[in-house]
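Below are the structure tokens for one structure; questions will follow.
Note that the chains take the letters A, B, C and D in the order they are written out, and that residue 1 is the start of every chain.
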Amino acid sequence: MQPIASPLTRRRLLAGAAGAPALLAGLSGGDAAAQSGGTVNFIGWSAAVDQVRAQISAFERATNVRVNYENFPWAQFRTALVTRLVGNAPIDVSWISDAWLPEFVEAGWLADINDIPQLMRYNADAADYCTQSMVYRGKQYGLAYYGDHMSFMYNTELLERAGITTLPTTWEEVVQQSLRIKQQGIVEFPLLLSLAADTWLIEFVSALTYAFGGRMVDDAGNAVMADANRGAVRAARFIREAIATHRILSPGAVETGEINGLRAMGSGQHAFAIVPTYRIRALNDPSQASAAGKIRIALMPKGGPDGTNNTLGWIRFYGMTPAAKADRARRERAVRFMEFFGGRDTGGNYSMQKLLLTDVGLPSCALPVNQDADVTAFWNRWAGGGAVIAQQAMLAKKKDTIAPWFGEWVETSNQAWQAVCLGRAEPEAAMRTAAAKWTELRRAFR
Amino acid sequence: MLARLNRKFGYDERSAAILVFPVVAVLLVVAAYPILYSFWVSLHDIVLTRPLRRPFVGGDNYLRIFGDERFWLAVSRTTVYTVVTVVVTTVLAVLVALLLNETFPGQRILSAVLLVPWATPSVVNGLMWKWIYDPTYGLLNALLLKVGLIERYRAWLGDPDLTLMLIANAAVWKQMPLAALLLIVTMKAIPDDLYRAAKVDGANVLQRFVHVTLPALRPGLMLVLVYETMISIRHFDLFLIMTQGGPGDASFTLSWLIYVETFRSLRFGTGAAMSYVLAMATFLLSWAVIRWLGKRI
Amino acid sequence: MAAITCEKLTKRYGSVTAVDRLDLAIGHGEFMVLLGPSGCGKTTTLNMIAGLEEITDGTLRFDATDVTWQPPHKREVAMVFQSYALYPNKTVRENIAFPLQLRRTPRAEVERAVADVSEQLEIAHLLDRHPSQLSGGQRQRVALGRAIVRKPSVFLMDEPLSNLDAALRLSMRSLIKHLHQRLQATFVYVTHDQAEAMTLADRIAVMRGGLIQQLDTPDGIYSRPANTFVASFLGSPPINLVEGEIAADGRFARGALRLDLPPGAVAPGRAVTLGLRPEDVAAPAPGLASLEARVTLVSPLGSETLLEVVAPGDVALTLRVPKEWRVRHGDSMTFGIDPARLHLFDRQTEARL
Amino acid sequence: MAGRPLAPRIGRAVLLAFFSALFVLYVAGPVAWLVSSSLQTEAQITAIPPNWLPPEVNFGNFDAILNAAERQVTYETRRQGDPATGGFLPSGAANLIPSLWNSLTVGLWVAALNLLLSVTAAYAIAVIDFRGRRATLYTVLATRVVPDIALIVPLFLVIRNLGLINTLGALVVTYLAITVPFTIFILISYFEGIPRDLYRAARIDGCGHWGALRHVYLPLSLPALVASLTFAFLTSWNEFVFALVLTQNVAAQTLPIVISGFVMDFTTSFSFVNAAGVIAIIPPVLMAVLFQRYIVSGLTAGAVKG
């Protein structure tokens, strides 16, 4: 038994991690590694699995390095990843959400890549907000897996049936049109927001908050969400009224996760929705959605007196563990892997970035990819063109709540937003609760 | 010397030591040590995302808990959930035991059916009921609509007033069988003469139940109450699968709070302190139930 | 053969002392009965001899060997239990063979021994049955068989006949007696039944409260009980005990009742308890003390008649008289009592005077 | 019976039938619905109103589970599209059968070791009068008072320090901590019900404690032993929280973990999840029904004594 004091120190984490991999690699079928150029242990969540696998096949062929790939459902991913990191599991590369960056860096779970020019050079090709989303305290911690933003989507057929010809440009108009659709008995809840208390909730409410011209946290890091004029209060009140006053948003929204919302939108049950942009591919896929072909994207409506067309953008990226970076051979393999997936492959192409976009619809951070004819064709085929998406992308802002205490704060925040949806708390009070927690955690962070 | 040692530890004691040793060894490593270690952790401000600091804070974590609104909220949710689960489980179990204690054709088949929920993994239990409660495709909506109890589909788990009860229902479904089994076993031990005597004394069915069955069930009931309380108070699987503490804070129980504190906020110190509070509460509660019922037997 | 010596044998359970510094020497081939009411410590003593209970204090010897700390399976004792204690999952044959098998006796020898024993006990036809298919008497024979098959030098019997009905008990009693004579082994027999004790024992140790009250031959115990407890425990119906004192004239006095005692037995004025066995009365005759009493109940037993009488001083007594005496309820009679057959005990210490 | 008037007998029959029907509806209904759902296609299962019974029995989901081999995916063989709106086999589908074996392995090890450990300890506590007997008993039982969730973190660290993270061994050891106290409790109750004289006879006949255990207590407590085996296996089969934390790779994950992954990952087809649920139910239910007799008599000693 180790002395009690040691298990949690970073030094031990690193030391342990160096010995454990060999042991565990043997358990998880690492025998192939003996004859080849070694193994990269990569974990991701269960998304674009076939694309990842296809790329892995290509990577293994090109480099003779094996990839030990595991994936977990998104809902379990963070917990699983953290447990593995704490448990000294032999992870080389992992998908990371931008929201976890400061927390993971502070915990010593991510290694920066500033001293790896082989990876840093891709910044030249990357959208600036993507790069900025991977930087914490002046250091960059990875290469982008994809970058996306929240889009305002509508169902052309339902609008037509209601005789609506002009798209809403403000959330007030969204309410008016929704009421019209509702009164005509076309659908019961024309507006869809997926407000289940999962990892997506903060993304949805942040998008709405930006559209209402508000913020969660100001540039100085102070919580302003409860501020009546520049906070999230207006967005919160909008949700509350949409559910309770106008009844255009289902009270079941609190139980609707992102995917279930997607299903409902795809089955033509809603006229308007906020949806991650990349989902447009699924929504317009006849094999998946009965409303396929009728879902289009408009610019995010402005909300309230200070409304903007802004939306929320986020990125997910490939991060390397310090354990991998500390070991020369592992580091070398991990870097090759990250480059092959987050940058260009050995043939000099952004093959993974393009694959993700044209197969799944995941927008790339690599600007050259967007010039690709296939990509243009993709947007034309699935979204009726890429102009609005490109325009909206320029208006995307990253979450202003990203901080080392994000993981803890978001629990409180989620509950506060849900309380608003359920009518259990006034928007002001709920946002004050969230703000107070932010302030408390920020103060406690030394 | 050997004789003196022999005198101190005779054959019996030496044998007992050898026989008990493996269990004690295993439990020391996987139960006693973690329990004590958990206590040590609860005295430190250990946050996993801040691996370099780990100050000793003594009872501060405990004080923090008691000053934490979430804790008291979780206590009230847990209390409601536990009371509902235990009471409904026990009442249903008594009814089922009465039914299955009768002799009738098919009784053996029903007894076998009774074991199905008990053997069902809690994860499957959770997904099964979640599927039944599903707002769009669920059985519950279809059933109630058909019977005319509701006019339109509802998001059952999304209703904060119902969530806790619906989860409790899933828990009851799984736990009731074991409770019923224990009660049936206890009932079988009631001498027939007691019923015959009560019949001769002119007691009707209900009076026989109240005056003969119920008092004789006391030991079984006590076991059921203690056991059900101890496991209900710490239920976690169902909450993770079905609601994740939501909607809002509607199913925010202590176990869930501990999970969130430990594995999402990664505050091992306060998480461990909360665990200890829950452990103490469980212990005191079982003790109280035993004392309370024990006195009345 | 083995002699058993208990020296200051003590058993305590927490603060309760079950057996208190018991000294007992049992000779080679002796049939020793431990007699007493339940809770007197007789079974605990037996268990300590068997090794089934650890000895808290004192020494136990088989012949010269100190076996105080020897576990039972090392002690070469056999035991028969009130509940028979046959292994329900084994057949009769397996039950009897079990102790031999544990001693790794060759198979042929085991078979021979089992056949031999079952012959002796007339259970040969039951060998392939399970205990649940046997009657009580048969079970106890099997239990005896399991005990004797090992030819041990010490037999321990814990109320072996108590679960049997009266008739069986008698025949088993003689069976055990025969066994003892044939085997020439040391027997320690625990019972609360005085008749068993009297008929079987070479010597009886009467126990109460963890202490031996009296250790003597059956006759000695019966005719010279060491104290009122022993006196009243043996005999059926029990001895009559009357509290009183010694009058100035040396006679026993209780109210109006006066009884002659052997001269000079006890100093006058002493508080005593008088013991009179029911059968120790006769027709009035010279040399006998006479006792006037009124008959309140007559219970014929066939060979004899039991009487309940009230003597002067409202002293109720039970007496046993020959059936030839024609006695009727309400008669007043005079009985003759041999003073030498009266027992006197100190009222305080209850000890024989 | 024959002599009693007819009316009460009919009344009783009607009452029994009524309550039996209610009972079956509540106890078996949900599982029946799960099974029914697992035998439908995704389209049938998402019909509104739902199909109570499968329009036609379709084993496609089970087929998919049994044949969900890990296939080699290349650019050419990849499936396009975002498998977001369900109807898709989850990417972990191929893990289901291996996890089934993991569950089985862990369950059998736990059942066996649990019995081995518990039997000796229960014998000692129930039969031998030794110093520290009560203390041992209470200590063993007290370890179950602490909620599992409280043990997760320290246990995780212990298991990590033992180098057992992501091994089935970690689960076996952990589950023993859960099952052993309960089994000891059951076995003590049962052992105490075995006549003391049998023990004394065995000791006199020449058995040491091992012998008495082997020749007397084990053969006579078969129901309790089988019940303990069943309890331990089911506990292990059903356990979720510890497995969630202690095993994070496919090689060591048990069935509940893989299934919970499907449930949380709602890209998965509903019918597939239901089929996975049915597969997870079959072994424990079979075992429980098969050993029903033993379970009841195994419980008897404990329940009646209180």
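Quick note on the criterion: a contact is a pair of C-beta atoms (placed from the backbone, for glycine too) under 8 Å apart; a residue touches a chain by one contact, two chains touch by 3 or more.
By chain, with names taken from UniProt: A = Multiple sugar transport system substrate-binding protein; B = Multiple sugar transport system permease protein.
The model shown is predicted, which means the values in this text are computed figures rather than measured ones.
**Student:** Would you mind checking the shortest number of contact hops between chain C and chain D?
**Tutor:** Between chain C and chain D, the shortest chain-hopping route counts 1.
**Student:** Looking at A-B and B-C, which one has the bigger number of contacting C-beta pairs?
**Tutor:** A-B
**Student:** With chain centres defined as C-alpha means, what is the inter-centre distance between chain A and chain B in Å?
**Tutor:** 37
**Student:** Nearest whole angstrom, what separates the Cα centre of chain B from the Cα centre of chain C?
**Tutor:** Chain B and chain C have C-alpha centres separated by 56 Å.
**Student:** Find the geometric centre of each of chain A and chain C from their Cα atoms only, then give the gap between the two centres in Å, rounded to an integer.
**Tutor:** The answer is 91 Å.
**Student:** Indicate the whole-number Å distance between the mean C-alpha point of chain B and the mean C-alpha point of chain D.
**Tutor:** 16
**Student:** Could you say which residues in chain D touch two or more other chains, in rising order?
**Tutor:** In chain D, 129, 157-158, 208, 245, 260, 264 touch at least two other chains.
**Student:** Indicate the residues of chain B shared as contacts by at least two other chains.
**Tutor:** Within chain B, the residues that touch at least two other chains are 11-12, 33, 37, 136, 263, 268.
**Student:** Residue numbers in chain C touching 2 or more other chains?
**Tutor:** Those would be 54, 71.
**Student:** On the basis of the stated criterion, which chains touch which? Give every pair.
**Tutor:** Every pair of chains meeting the touch criterion: A-B, A-D, B-C, B-D, C-D.
**Student:** Can you name the residues of chain D that touch chain B in the complex?
**Tutor:** Touch list, chain D to chain B: 13, 16, 19-20, 23-24, 26-28, 30-31, 33-34, 37, 45-50, 116-118, 120-121, 123-125, 128-131, 133, 136, 139-140, 143-155, 157-158, 173-174, 176-177, 180-181, 184, 208-210, 234, 237-238, 240-241, 245, 255-256, 259-260, 263-264, 270, 273-274, 277, 280-281, 284-285, 287-289, 292, 295-296, 299-300, 302-306.
**Student:** For the complex, give me every residue of chain A touching chain B.
**Tutor:** Checking each residue of chain A against chain B gives 1, 4-5, 8-10, 13, 78-79, 82-83, 86, 103-104, 106-108, 188, 196-198, 250-256, 264, 404, 407-408, 411, 414-415, 418-419, 421-422, 424, 446.
**Student:** Which residues of chain C touch chain B in their complex?
**Tutor:** Checking each residue of chain C against chain B gives 54, 69-71.
**Student:** For a test of understanding, state which residues of chain C touch chain D in their complex under the given definition.
**Tutor:** Chain C residues touching chain D: 47, 50-54, 71-73, 77-79, 81-89, 98-99, 102-103, 146, 150, 156.
**Student:** Considering only the defined contacts, which chain D positions touch chain A in the complex?
**Tutor:** 72-75, 77-87, 90-92, 156-158, 160-161, 163, 165-167, 244-245, 248-251, 260-262, 264-267
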